[in-house]
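Structure provided below as structure tokens; questions to follow.
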Amino acid sequence: MARLGENRYGKARVRVMKVVRHETHHAMKEWSVRVLLHGDFESCFTAGDNSRILPTDTMKNTVYYLARESQAATLEEFGAELVEYLLANNPQVSKASAEIEEKSWERVLIDGAPHATTYTLTGPELQTTEAVRERGGKLQITSGVDGLVILKTTKSAFTGYLKDKLTTLPESTDRIFGTRATVAWEYANLPRSYATTRAEALATLLKVFADHDSLSVQHTLYDVGKAMLAAVPEMARVTLTMPNLHCNLVDLSRFGQDNPNQIFVPIDEPHGYIEAVIER
Amino acid sequence: MARLGENRYGKARVRVMKVVRHETHHAMKEWSVRVLLHGDFESCFTAGDNSRILPTDTMKNTVYYLARESQAATLEEFGAELVEYLLANNPQVSKASAEIEEKSWERVLIDGAPHATTYTLTGPELQTTEAVRERGGKLQITSGVDGLVILKTTKSAFTGYLKDKLTTLPESTDRIFGTRATVAWEYANLPRSYATTRAEALATLLKVFADHDSLSVQHTLYDVGKAMLAAVPEMARVTLTMPNLHCNLVDLSRFGQDNPNQIFVPIDEPHGYIEAVIER
Amino acid sequence: MARLGENRYGKARVRVMKVVRHETHHAMKEWSVRVLLHGDFESCFTAGDNSRILPTDTMKNTVYYLARESQAATLEEFGAELVEYLLANNPQVSKASAEIEEKSWERVLIDGAPHATTYTLTGPELQTTEAVRERGGKLQITSGVDGLVILKTTKSAFTGYLKDKLTTLPESTDRIFGTRATVAWEYANLPRSYATTRAEALATLLKVFADHDSLSVQHTLYDVGKAMLAAVPEMARVTLTMPNLHCNLVDLSRFGQDNPNQIFVPIDEPHGYIEAVIER
Amino acid sequence: MARLGENRYGKARVRVMKVVRHETHHAMKEWSVRVLLHGDFESCFTAGDNSRILPTDTMKNTVYYLARESQAATLEEFGAELVEYLLANNPQVSKASAEIEEKSWERVLIDGAPHATTYTLTGPELQTTEAVRERGGKLQITSGVDGLVILKTTKSAFTGYLKDKLTTLPESTDRIFGTRATVAWEYANLPRSYATTRAEALATLLKVFADHDSLSVQHTLYDVGKAMLAAVPEMARVTLTMPNLHCNLVDLSRFGQDNPNQIFVPIDEPHGYIEAVIER
């Protein structure tokens, strides 16, 4: 006998661009949205009864419709609006979530000044949020950034680790530390402004990463998270993922050359993977 | 005050190819491994103390070393060996996991017969496994496939769903049903053979998908999962993810043409996303 | 003073799927088309005069329209139809080309037999064609395959090469030879059938690759091309690109193990790149 | 009878990072290099004679070796050094080229000031060069940028184009104009400084793109190229490729809403493709 366990469904990669046309300049945002619903959909699975199914095509339309209605200035606010709309209009839904990624568009600098209506994509990273609410429960907002690529050329060591018969890594007191960081923080309570806390969180991340005397990725990850919690009082906890972007020192002695920490080979794989939650 | 919450670390994208050179033919497998460790690593995070850290570089070497020692014929067996080795040799580790992806290499057919030593990549899908064990606990094995792209050109309908003011999707009694399926099943107990149960599981998936009179993605997903549980008694539960690969019927009436379900535009985004666990 | 040099424009990634519904089974093809036009478009560039510009949006519609009209059984025939339509209906166009990629969909095997209406994607490779004609000139057809991933575990050596002070590669009499081959052949005259010559061309490629006693990538590439020309008399020349998919033998002596050509690390980068035209 | 036509070989995706450690700050560059050689390699292809083959593995080592020796401050200078080294040390080579891509690393801003030793990846675009020289000929340098993503929310129209029975695109006097531009300019003679001319070329591109009253992609492309030639006297010609990043206005009238040029759906495919050379 089989039975239905946990399940959810929705629409992913709903892309939408909104242009707000101010007198002196335009404000533009590009979002990709994933909406997911939980609820009592058992008869759909077991009997092909679609009478309680909101089509994913309609969820896509809902994103477009709300984008037009919305005054949301941040992805967090738009995510919350989506969740509330879906719960309010769909009694069969017990829980709704909206995950949004925002591309790193910034105004182009022309002669040093940001242009009023022209943009360029700056960086691979995506600003992210997840808004989720169970019917009868409290709205929870997580904010973060995905794929922020940062690298420091000094103040990073790795020594004193376990050695066994399979160890070949030499200790290093001055190595390259690169990572494609993914960060997500949960709010304990409503922040002053999502945009402000986001800016503070990311400025803190960059500052601690840059200045840290790193003894390991774990060591830096922890101090980054600790500083983020200190900087943003509304933050309940932060999850940091810091995969290594390894840069291997090239052995140039084969060619009669020295290599005083100058020439490296960056590799994408394999890569170290470090993940931790820092909480209060 | 900050404190360390859940954390784990390891090495990802450790790629290894093993060639077993039989007299009459070669057996070749290409794997990509991710190893993750849990344990008491708090002092590493909070104080930069690496004395209990097995470097991720050594984990990489462990994969190579064990690949040479191993007699494992399947990715599941190799995953289990990795987990056991890491637990046995690292008292500081409380839990270890190994996730492995295997590429779809198959012998090339030459004049209708599989060649002894030449391969071609067949399909984007990856065969997968995760082996995980907590110290003192039981080894758990999950097997599956990632990114299996399948499509049926008939026997798929979607009607009778909820309509609201944002509905624009027309009902369809004969649409294209394409998906990039990801499937993972947990074993309740040790199977006769991982290779045999994998073959049975996937043959069942394909057969039910092909023959099903689908009333929705959910409907087919459920019947696929139910049949997989029936076919493989060792399976405890199966998680199926079936994002739509939408193929939209083109409106050719603008050009004075009919379109009797013949000409479609496949799109990658947005896409529906349906996920469920089917269990006993 | 600036002036307009060579230029062309068109529409790329026009995806279309065609399902032909036979009584006993369906025939399905998925194509991605790129159409490019040359002509006298100077005033558009220099003065913003669009009066001779066929919008790329209309080219997209043309693909859909012709897909419905067409009886073409192969991508080559459809490419030719597109080129002829564009030249016939656009006097301002002096030259038109259509490049088409076809995905590797094949009927799913159920109990050993191909299913009538269900497909799976088999392999990353794309079947390709380019049809091009200058007004007043002859239609030229090139056919090929992009990204065919093949690998042989024996019968590949590389010795006797130049050595200098930067050489570190050891000679090998038995190495892995993997490649992601891209192949394109031009027709000197109309083939018996594009499908037949394509099948013959690719079967020859695989057979020679598998059986060849390779002394270098160049050596195998040449013999593959020579055999393809011999097998397909309509072929004027063939261009083969064979980047290495390097598989490096792991040095296990550091762990007290031997490695009798068994354990390898596949790498994606850097990779060798070999390209040549073989002609009559 | 078969014979060898045009051919070339080399090494691609040779990644190297160079860190120059100044007293007050570090200078860091990450490059990916492709080296290609032409020459008399016929016996290698036809007879497996490797005696004139410089292994691609040695080319990789050459990149590392020269990176250590080099004082090159720009990718153009390093490309030229590579070409000269390969020609000087390999009499069997008749022509050598080096293509280099540089990642968009920039110093992180901390409290508004660039950090001395910490970087972030800013933008998907790659700075590029190709250096090529035939033995006995003159070194030719091309510089450019690949994948520069830019978008303007106004000053872009498209009207007055050809209409036929397949036209469905409405005219627009105010549309979004986004592109992933690829640009490459050839030097007629040695520039004052590759870094300076690169900065001038790209600043000109951005300024003209931002301010242009665009009547079509072609129109803007031409005026961008014309301005680049005017700004950089050393430039002989510039090739611009401007695929559209289409943003489609959403039809919100179905939901009883207006859409005064505010809500768009960005799509990746299909996309327009416009390419032209602007020369003196």
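Just so it is clear, A, B, C and D label the chains in written order, and each chain counts residues from 1 on its own.
One rule holds in what follows: contacts are C-beta pairs under 8 Å (C-beta built on N, C-alpha and C of every residue); 3 or more make two chains touch, one makes a residue touch a chain.
Not measured: the values here are computed from a predicted model.
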item: Intersection of contact partners for subunit A and subunit D; value: B, C
item: Pair of chains joined by more contacts [C-beta pairs], A-B or B-C; value: A-B
item: Distance from subunit D to subunit B - Cα centre to Cα centre, in angstrom; value: 37
item: Distance from subunit B to subunit A - Cα centre to Cα centre, in angstrom; value: 24
item: Subunit B and subunit C: spacing of chain centres that average the CA atoms, whole Å; value: 29
item: Junction residues of subunit A, two or more chains touched; value: 15, 61, 65, 166, 168, 254-255, 268-269
item: List of subunit C residues in touch with subunit D within their complex; value: 1-15, 32, 34, 36, 41, 44-58, 60-62, 65, 89-90, 92, 158-162, 164, 166-169, 214-219, 221-222, 225-226, 229-230, 237, 243-244, 268-280
item: Subunit B residues touching subunit C - in the complex, by the definition given at the top; value: 15-21, 26, 28, 30, 61, 64-65, 67-69, 105, 108-111, 115, 117-124, 148-155, 176, 203, 206-207, 209-211, 247, 250, 252, 254-255, 257, 259-267
item: Parts of subunit B lying in touch with subunit D, wherever the complex brings them together; value: 165-166, 168, 254-256, 268-269
